[in-house]
Amino acid sequence: MRKYSYFPGCSMESTAKPYRLATEYVMGKLGIGLVEIEDWNCCGATSGHTLSEALGLALPARSLALAEKRNPELDILTGCASCYARLRLAMYKARTDERAKYIIEKTIDMPYAAAREVYNFLDVFSLPDVREGIAERVVRKLTGLKAACYYGCLNVRPAEVTGAPDRENPTSMDEIVALTGAEPVDWAFKAECCGAAHQNDAASASRALPHRILRDAQSNGAEAIVTACPMCNLNLEMRQDGYVNRTGMDRIPVFSLSELLAVAMGASAKRIALEAHYVPSAAVLARALRRKDA
Amino acid sequence: MNDNLAKMREAAKRALESGDVGYVIGWGATKFPDKTSPLFMRKPEDAERLVWNEYAIPGIAKYLLDDLYPDKPIGVFVRGCDSRAINRMMKDNRIKRENLRLLGIPCDGKDDERCTICRNRNPLVYDELLWDEAPTPEPKDRYFRANAVEAMSADGRYAYWSEVFDQCIRCYACRNICPACNCKECYVDMTATGFQGKQHSRSDNLIFGVTRAFHVGDRCIECGECERVCPMGLPIMGQTQKILKDINELVGDYESGVDAESENYLGVFDLDDKDEFM
Amino acid sequence: MSVKETNDPKIIAFCCNWCTYTGADLAGLNRSHYPENVHIVRVPCSGRVNPQFILRAFRNGCDGVMVCGCHPGDCHYSTGNYFTRRRFTLMKRLLEYNGIDPGRFHARWISGSEAGKFRDTAEEVTAMVRKLGPNTRYREYARREMSADE
Amino acid sequence: MENERLNQLMERAGVRQYDCYQCGKCSGGCPMAHVMDLKPRGVMRCAQIGSLRRILESNTIWLCTGCHTCAERCPHDVDIPAVIEEMRYEAAAEGLTRRDSKVLNEVFLANIRMFGKNHEMLLAGLYNMLTLKPLQDMASLPHMYKNKLLKLLPKEPKNLTEIEALVKRAEKWRGLK
Amino acid sequence: MSKIGVFVCHCGTNIANTVDVERAVASARELPGVAFASEYKYMCSEPGQQMIKDAIEEYGLDRVVIASCSPRMHETTFRKMLKDTKVNPYMLEIANIREQCSWVHTDKAKATEKAIRLIRMSVAKAARDEPLFASSIPIEKRALVIGGGIAGIQAALDIADAGHEVALLEREPSIGGKMAMLDKTFPTLDCSACISTPKMVDAGAHPNIKLLTSCEVVKTEGYIGNFQVTIRRNARYVNHDICTGCGLCETKCPVKTDSEFNHGLSKRPAIYKLFPQAVPSKPVIDKNSCLKLTKGKCGVCEKVCPLGCIDYADEDREFTETFGAIVFATGYELIDWTALYGEYGGGRYPDMLTGLQFERLVNASGPTEGHIVRPSDGKEPKTVAIVKCVGSRDPKKGKSYCSRACCMYAAKHAHQILDKLPGTRVFIFYIDVRTPGKGYEEFYDQTRKDGAIYVRGRISKIYKDGDKLVCNGEDTLLGKQVKVMADMVVLETAMTPSSGIEELATMFGVARDVNDWIQEAHPKLRPVETQVGGVFLAGTCQGPRDIPDTVAHASAAAAKVVSLLNKSEMETSPMISVVRREHCCGCGACEKICPYTAITLEEIDDRVGAKRVKRPIASVNSGLCQGCGACTAACRTGAIDLLGFRNAQILEEVDALCL
């Protein structure tokens, strides 16, 4: 059985309720064990590294060091792109940059060997055996659901830190989504920045970012956007009023990959609190579930 | 044993009587009961002097180099090691198959350390086999000397080889007996090239040791004759074993003298050879 | 042995005419500085280098030896360096086995355009050999040198 | 003097400014460039001509989202985000932090010190109060409340003293003051 | 005792600034065998050479050591000089105290010491120099030109016109190359076909030129003057000896497959001529798409052919021919941008074309008969974006070099669009505009005046929005982001070496540069030669260049070939291997290692006692031996040795350093 040290991230604990529930459901179905890192703390995104290099590295490194101390045999898993980026950067820096490693260990006052890898959900779902497991456990096909897979910037960039093979047109999520019978659409904003980082302190300036992503998804025929990050998810759905006013387009449901998989694996909408989304997705999902294979 | 000796005497006698061979090389008794020496049988009755016992240890193939252009083929008794020596010298264009009449005698192993690493008791090339082949027992560690030296520290290795070669008297017996040392004239005897200092010093002795090993290296047939003949009893197989060990590590199973066709390791290359240089 | 030794190593580099020698010339053209300790012997091909040369160099007082040629596949004579590779892979291991520090013998592929690599290699090898100090192994101390201090 | 400082910062960022040949592919793809007063290419240009001041006073360093699109596409592999990060620490040290960012960062830090975690509602609420933008994003509050998306306080933090010590120790390095 | 003269060069201040020349001379005087030592400002100059000659005369020198720049620079100069003296030209050693001493060291005292050591090494080697005499080898008066593009055609025509036989080899079924695909050529805008097809026809009809189309080189042996090249003629399935090229078969063939000549913009039958003006003007069958050859049914072409030319049983055939000289004219390919540029859609959008695709589109004989329309819907574009440097000047994703011709053909493409579709908006995204050529700047100037909008900035992302292609970039001159909604995008992609160049270069032992272009012997002074004697370069196989430069390069290569083939024999280097018979035992280790098969085992007569015997020894063919010396390192006894680099000489150098 696969098992990971799990870093939920702050959003999972609050706004990303459906994401959390769906993740628990899916991981349970797949038999993937998540051992929550005891006493984990905020990864610092994004003010941490805006404030200081040391804080930017030490905040994520503390949780990683705790995880490695408690479960030295487990790799670390997180479902949030921001957390992933910060955790993975701390791991990468500790491995490649002696100065950074020194700063990290001095600041967290613990040894941090960076011996274990940091993964995101896409990495794990793409493992051959997990993929096979997903395919086996899909009990309800989301036939023909036109889904735009949105990876976000930090799941794929910077290349040297994430090791993602294709940063312009990633395909790992599309392949997973296709397992549910849904149809991933070909679109151009899979890894463009949604600007979640500045939705507080540069609100008006960064509104355009989610809007153009929504627009490209819809103009390529997407009925829904599938995300791999609670921050992206919130940002993409919370800003839709402005989007509708500005472009005259319809709203589009946005939900996480975990939720999509949970639905396909048989979870009820209630079970994963789908109603907690700003943009209702029930109709779109129901339509897909009714559709017969062409 | 007696049975086999009778077969050998019979074969030698037959060969000499027929006049097909000029002479036959085998083993004869010496004044020491536990030693044999090469025996050159020229008349049928010489066959009676032939000896085949646990002391028939010396390699006899190298003597073929003393008669490169015989009028008649030379008869030789060949064990596994002798046959590899013959393959070696044939591969090096030193002797010709048509000049040889090879009497194959599967060996039962002798009471000698060298025989414990033997991989071929049965002759690999022969004209007739005097008795049935028997399987070769699982050989002992092929690189027993090299492994022991490798385990030492760098300083220890240098000290070890210094001690070994400080005793070397540069008699070149190791070269004279070695079937792979079959050059017409050896580099140590040629002052003109300047490859080898003549002094009896640690440095020149060590250089001789390394050079001998490197010249033999990929062509060594692992017969161990070099150590047998060394009057100082020096463990010089440690050098050649190291080279063979490395070759086997680099390209997989490699053995010299098993036939007269396979290329020498240093005579060919592979595009994908391991590259340890940057 | 009381021989006066300064820690200014002598390093000999056997360089093939077509790649490394050219690369070293280019290092000159670029004014890339490297230690004076490295002395190049020009040979047509790294395949020309006889292991005997290396032993001779150690014997007579070199503290470090380099054999440099074209990268595999780029040999001016098409295959020379493939044999170099086989020969000196064995030789390097054999020297180490005989107690010569691996830092004293280096084989490198340096192309005609890799002036920087030549400089770096020269620097690196010199630093390494300097750290190891004067070579005493395989060294034939001439009577003259010995008597000077006696 | 100024130049030395600039070179030092670039070295820390691990970027050689003259690698950049000003093709503009960075700015062309930057999602925030439309509001930046100095585009990413401009940052590199200023670094090349020694105009450190211009970079430190730009809003660019505060508006960068860190999405790494510029570095990803740069033909010469110039890590502009690393430059921006260094410049941000430098600007902060000079007290040049953009007001809104400063408030957000302070609220964030307070949050971390209080809970070890980021409490989203508290963060947004405090931020809005301090920047006199009480209504920003508040339209979503009822929805969040209804769906129990916001807890009043995060899970009880276990080791707050440790976090506090961590933040204190981090102050020894660059950035925090 | 030898009488060595040592001459130390100042090289102006190049050496003298770092090396104390006087001290070097003084120490050289003390060396054994040195009869004379002196210095001069420039040894290579006329007076410098005269000084050496005078010293040879005056002191009766028998060998010379010159301490100066690299022997790669002036060894030939000084050898030539020695021809007029009593000293054999090979009794010369050069101590490299410039490139490998004065230029790389700064400490004068240490550099001087090193120079002294280097001179000592050269003197020691020189003492063992022996007189060597060059011999000569015959030259096969035929040339092989590999590649039938404009470079190959030009080189072949020039060599043929000079009276030598040429084989012009092309792997495609027709010669013509990339130039045959082009529409107009910059800056004169004359039609490419109009100027290249006559040359193709000339090459096809020239009595001295033999066309080897559908052919590839598979093996080569030999050396300058005498290359044995094995060539494979790929099966054509059409007997070209009888075929008249009537074209009936092409019209009847039921297969439609992507036309490589039109870069997938149109279809062609399985039996086809590469293009209408192909030379030879006869079709071949593409075995990968032909129904008869893949599935065993159809056979229509065989039925309709009035002359019975179709031969489905045709097979690849190999043959070996001898040539005195080889010309590489293998040309270029465009980089596969689709694999590299995800930000440009990675090839997902049909209305994004490469420069060569656009050439076919705009070509009157192309798939649209020259109408500029979008491949996706056949509509005329209203806005076109031309993006330069795709894959060029991009060390991260593409190639670090500038592809040199794109600036001009981008301007040409803009001109053609504006000319054919007046009113179209054409944006050209560039980083720099490079127009170094006769009439080039004027052409660029005119294109701008015609209305092409040049935007300085590399496009960051291209994506589809509705039926528009959105190009995001920065106008770096304004410092503002720009977004062009284009109907069609033309990517001017980087030139890269032709596929297969690696194998070919390895076969001939020719070096490639870091970008895989063929390495010329010298970037300035020997631009059409390679390090391998008798192998020359024409056109873009050496690096990106445009048509005028390619033609000039090809003619230059032809001139080199002609001057080689005009000789009936050639002097060879005497620095080759020799065998000391008495020591050679004929083991054959050297024979295996020789890359030129220059060593064979030869039976010699010998005597053992009173007996006369035959024994094998190694024997060196002086015509084949290139002097690499690999054999010497394989020889345990040192029986085989390399003249000019004898074992003893190298050991002397080692000893001299160790002194």
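Per-chain residue numbering starts at 1, and chain names A, B, C, D and E are given in the order in which the chains are listed.
One rule holds in what follows: a residue touches a chain if its C-beta (ideal position, glycine included) is under 8 Å from a C-beta of that chain, and two chains touch if they have at least 3 such contacts.
If you're wondering where the values come from, they're calculated on a predicted model, not measured in any experiment.
Considering every other chain in turn, the ones in contact with both subunit A and subunit C prove to be E.
When C-beta pairs in contact are tallied for each pair of chains, A-D comes out on top.
Distance from subunit B peaks, on a Cα-centroid basis, for D.
Chain E has the C-alpha centroid lying closest to the overall centroid of all protein C-alpha atoms shown. Each chain gets a centre from the mean of its Cα atoms; for subunit C and subunit E, those two points are 32 Å apart.
Between the CA-based centres of subunit D and subunit E the separation comes to 52 Å, rounded to the whole angstrom.
Remark: subunit B and subunit C have CA centroids separated by 35 Å (rounded to whole angstrom). Annotation: 77 Å between the Cα-based centres of subunit B and subunit D.
Those residues of subunit E in touch with two or more other chains are numbered 343, 461, 593, 634, 638, 647, 651.
Across the assembly, subunit A contributes 167-168 as residues in contact with two or more other chains. Residue positions of subunit B touching 2 or more other chains: 194-195, 266. Pairs of chains meeting the touch criterion are A-D, A-E, B-C, B-E, C-E, D-E. Per the touch definition, subunit D reaches subunit E in the complex via residues 21-30, 33-34, 39, 41-42, 69, 73-77.
Across the complex, subunit C meets subunit E through its residues 10, 12, 14, 17-18, 21-22, 24-25, 27-29, 31-34, 36, 39-45, 47-53, 56-57, 60-62, 70, 73-80, 83, 87, 112-113, 119.
Subunit E contributes residues 343, 389, 393-398, 431, 456-461, 472-476, 479, 481-482 to its touches with subunit D in the complex. Those residues of subunit A whose C-beta lies close enough to touch subunit E in the complex are 166-169, 186, 188-189, 216, 219-220. Across the complex, subunit D is touched by residues 10-11, 13-15, 17, 38-39, 41-42, 44, 46-55, 58-59, 62, 103, 106-109, 153-154, 157-159, 167-168, 192-193, 195-203, 205-206, 208-209, 238, 241, 273, 275-276, 278 of subunit A.
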